[in-house]
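To keep things simple, chains are lettered A, B and C as they appear, and every chain counts its residues starting from 1.
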Amino acid sequence: MAVAATPNATLPQIKGVKDVPYDELFVSGHRTCQGCESALVMRHMIKAAGPRTIVLGSTGCMYVANTTYYTTPWVVPWMHTQLGAAGSAALGTSAGLKVLMRKGKLPNEKINVIAFCGDGGGADMGLGAISATLTHKEYNSLILLYDNESYANTDIQLSSMTPYGAITTFSPTGKAKRLMHTRWKKNVPGMLAAGHPESRYIAAACAGYAVDLMNKIRRALEVGGPTFIHTIDPCPKGWDYHPQYSQELGHLAVETGIWPLYEVFDNKLNLTGPTRQIAEGRKKRKPVVEYLKRQGRFAHFTDEDVDHFQGEVDKMWEKWLIPGVIPFTIAEKDRALLRVDTTPLHEVKKPA
Amino acid sequence: MATTEKTATVAVKPGEERLVSIEVVYRGIFQKTLAQRICRGVVLASRRRNYTGTAFARYGDSPERNGVPAKQFAVVAPTDLELEAGMAKYEPAVVDVSVAVDDTLVKGIESWAWYGRQPIWKPVRDNGFVLVTSNSTPDELVQQTDKAERPYTLAVVPGGASFAGLWVYKDDHTDYRVLGALARLLPDWLPIEDVKASIRESTKDEARVVSVQFGYDNVRTREVKKGEGTDAHEKLQFEKPGWTKMREGIIVEARKPGERNPFYKKYTARTLRPVVNFDTCIKCTMCWLDCPDECFEVTPSGHYEVVYEACIGCGICAQVCPVKDCIVMVDELKFTDNTDKFVLYDKQPDAYRQWFTEMTGLPAIGSDKPAATGGD
Amino acid sequence: MATIIEKGQDAVSSQIEVEALVTGCEAIAEAIRLADVDVMAAYPIRPYDGVMQAAAKLIADGKMDVEYIVADGEHSQFEIVKHACAVGARVFVGSSGVGWFYAMEAIAVTGGLRLPVVAICGNRALDDPGAFGTEHNDSLAVRDLGWLMPWAETAQESLDLALMAWRVGEDKRVSLPVAIGLDGAFLTHSQTIVKIPTQDAVNKFLPKYDLGNRLLHPDNPITIAPQVDQDWLMEIRRQNDAAMRRAQDVIREAHADFKRLFGRGGDNPFLDEYMTDDAEYVFFGQGTLALPMKVAIRRLRAQGHKVGLVRLKWFRPFPTADIVKSLLRFKAIGVIDRDYSFGSPNYGGVLYHEVRSALYSQPKRPVVLSFIAGLGGREIDQNMATQIFEKTKQAAEKGSLDQGDTCTWIGVRE
């Protein structure tokens, strides 16, 4: 049963947990793991977007586990897309709706289009298509990358989002090589924000901060054009921790400074949640060891490994041009070239 | 050269292959390595007297989901020829022993890729075995198994469920105790001396051999007659339609607003379930907000009750609840049904408090206050 | 003589059928305009992309209203139209050679999804080495994926088959994607006079695209393509099989309508026969190779040889009954493949295997020969035609072929 169309529907910002919509549009009986944070992202995503939304899901956990044939947990229209096709699915769907409404073949109304992909689909295989979509400013869509830091559906294999040193089935630890994986994780939202000046909204979020996540989703859908949100999703299976700690692990990822929360709205950066507090010096970054030691995938880490990890995160905060967002900096002699808004962070007004 | 070797192998009459099939039912991911080690252990021990075998996981259970029941198998035969009858399958149609390495699995199992809940004894042959690792007695466990459709023997090897993560195996000898127990149940197939010799050779650790012997010595059995067991579990069965009935274009109807997935309920993934102290609940909504399985529903009084059919038992709600002991995770074996409990609290608050204490072992704080009712 | 117009210029508002001197690609662009396509996705690769260039110009000049998306690669191209198709948009897409292969994942799923995407494959040899002449192995790689596959001989037929493609593909009894084969260079890049039908006539022929209860829209909430396992896939494949089988009758129906409305298309929707009435042996092939072979036939006929040509117009669904009925009349069939199947039975071409397989259950069969010709876009000239003829004639007279002599490479330097 469809919910009636509301042509001028707007998605106001959610004021607090009590203001979160109650109705579920992604219902129980999906086949995800105990404590699956990505399932929670799906739930929050569609709660925030509402019933007049089409969701495209690329291959990954949130396809295979959620939508097993003859059953579905989705109340809204949902369609599978290929692993590397989240960007193209969003683009094609949005273009189809746009032209059909223009030609009068479909009633004119605002229909949200959201394509989701995992870190494998979004940061590896599908990055090119996402990048292309973010340049097509005439088509409204949101691409949501849920990042559980491995190809978690296929058996926890290494992706370009797997953190430094972590064990996966493609990067086991062994006698000859303690660390098989020594690449630093790609900075996807920062890269996309830097490279797609016409995308009006790009954000990094975490379901551990549910209202922040839902508001980012609403803002992305409200501003229109192609938008992108990247969530960090603790994965009890691949990260190896008890499922009850999913929320806590998400909080730790943010509080240690490993995963900064922010949004780039109309080319203006706005740090959110604890990340803002850390940046403003109101909160101390927790040592990364507090995060690493909670997970079996880092159980083989020596003190050296932890120190290296900490060092890289420190660099993010101390050396990067914009902490956690833009990884390069500017030579001292060129400082004058920087067009820095000198307003203290706590005085920057959040976008409405 | 002939493709079929003419050897001294006794010709096997079709349908008379000698095979023994063992399945290990386990909690996805948490016991994946354990199940693997048991199945491999069976095949390798059989090699002591030149039997052969195969060990495999149910392909459809992979990718495994944390906590969601899954199966692995060991099939052993005296000859390669006979083993062929047990090969190229997703699972044996009939098994001699079903091993449940977590006793809450006796309440029935539904893998993430199947349709419908299965009794734990479903593939076990007439007079076969269900072997459970548990600290409960066979008499206690049989109260939670589905009513038997044919006789079998329920065997218990002492020990709690051994859970571990994907990368760090909890080497607590559960696998050796189970192998010892299997030797006891299947002396013709797995002589205890063979199992011990195999473990001794592969681990060079006498302590592990001792654990095998412990399992062998301490397994307790109880015959379960046809009709014994409980009727209380939901019958979840699913008829698969044919191609002329299925919608074209690989399409299924969306869920209706307010509906839950009727074909997959997920609760057999649960080893613990949340029990809520409604008296101390401050209605902060955090359990509802952070539940990845949408299992909390608001009551007219503004409380959040657990819909047990939907709960997978992850424990996030208990973890995010800001009130101490307001949401308590309790052993699933203590419960015989999936009935939602708020009605009891609403209508008979004292009975609910008594139940809360009975289940959690904790005092129901606030029992002197009247229960909150609609409109709060 | 009909009114001749400049490409795309006056055809839009014309009340009468006009003629234009256009390439096969440009003819397809006219079909896109006439079909009121909603979404198309482009990516450059020779030789197909002339369609996209011509369509872009039609859009720039305001001759048609299409969402024209320049994609970041062929995979995206095909994914974009697939998803637009699912929300009810009539779509067009295309590629060539290795570009077609780059899109292969999207091509595979579109068949499975039963979405009536219409594509052209401007046939091109596959890399490596890089080559851009025509060869049919690109199209043929999708032969088992549930796509309808017509093959054009002329620019006129390109336009006509494109209109047929939407009509048949979108028919609810079928609902399958269509890949039209267009020979690179000879068809994609050669201008000939093409009759461009009026919008009114096309509207009579081509109903509006209507997905019905398969439309992905909030008013029709459905889940499309959830993951399946071994419990379901055979049933889903069987549904696709049934749709492909039904396509034969739908093509016949559409072909009859097309003939009635436009007066073109020949007697049989699947086969185009040339001088076969009293023929003893025939050439068999698809695409533009029919053109030099017809010239050869006239020459050979003048010398008194009873030779003809059967050209296949739809490779999928393969018109087995029509083929059997037609080919059993002859003593020998020389199948000319502009493709090759390395290591296949008798080391033959793809079409050869299909024809042979179609005839196998007949108690008395003609001799079937395989000729590999024109690979990489090499021209098929009259010398080659003569070689093909002589070998076919010999086999017809002998009534059999020697083991190991079933496949002949024509015009290859030793």
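Heads up, the rule we're going with is that a contact is a pair of C-beta atoms (placed from the backbone, for glycine too) under 8 Å apart; a residue touches a chain by one contact, two chains touch by 3 or more.
Everything quoted here is computed from the prediction, not taken from an experiment.
Trainee: Between B-C and A-B, which chain pair is linked by the larger number of C-beta contacts?
Mentor: Here the pair linked by more C-beta pairs in contact is A-B.
Trainee: When you take the mean of every protein CA atom shown, which chain's own CA mean is nearest to it?
Mentor: Taking the mean of C-alpha atoms per chain, the most central one is A.
Trainee: State the chain with the largest centre-to-centre distance from chain C, centres being mean CA positions.
Mentor: Result for max centroid distance from chain C is chain B.
Trainee: Where the CA atoms of chain A average out and where those of chain C average out, how many Å apart are those spots?
Mentor: 43
Trainee: Just give me the whole-number Å value for how far the CA centre of chain B lies from that of chain C.
Mentor: Here the centre of chain C sits 55 Å away from the centre of chain B.
Trainee: So the centre of each chain is just the mean of its C-alpha atoms; given that, what is the distance between chain A and chain B in Å?
Mentor: 34
Trainee: Going through chain A residue by residue, note those that touch at least 2 other chains and give them in order.
Mentor: 1, 3, 51, 64, 68-72, 74-78
Trainee: Multi-chain contacts in chain B: which residues touch at least two other chains?
Mentor: 113, 115, 240, 250, 252-254
Trainee: Going by the touch rule set out above, which residues of chain C reach two or more other chains?
Mentor: Counting only residues that touch two or more other chains, chain C contributes 221-226, 228-229, 232.
Trainee: For a test of understanding, state which residues of chain A touch chain B in their complex under the given definition.
Mentor: Residues 1, 3, 17-18, 20, 22-37, 39-40, 43, 51, 61, 64-65, 68-78, 152-156, 167, 207, 210, 236-238, 240-248, 296-297, 299.
Trainee: Spell out the residues on chain C that touch chain A in their complex, using ranges where they run on.
Mentor: 36, 38-39, 41, 65-67, 69, 71-73, 75-77, 79-89, 91, 105-106, 109, 208, 216-229, 232
Trainee: Considering the complex alone, what residue numbers of chain C touch chain B?
Mentor: On the chain C side, the touching residues are 112-115, 175, 214, 221-226, 228-232, 234-236, 238-239, 242-243.
Trainee: Which residues, counting only chain B, touch chain C once they are in their complex?
Mentor: Within the complex, chain B touches chain C at residues 60, 90, 113, 115, 240-243, 246, 248-254.
Trainee: Quick check on the complex: what are the chain B residues that touch chain A?
Mentor: Its residues touching chain A are 28-29, 62-68, 112-113, 115, 165-168, 238, 240, 250, 252-266, 269, 284-286, 289-295, 298, 307, 310, 312-316, 318-320, 329.
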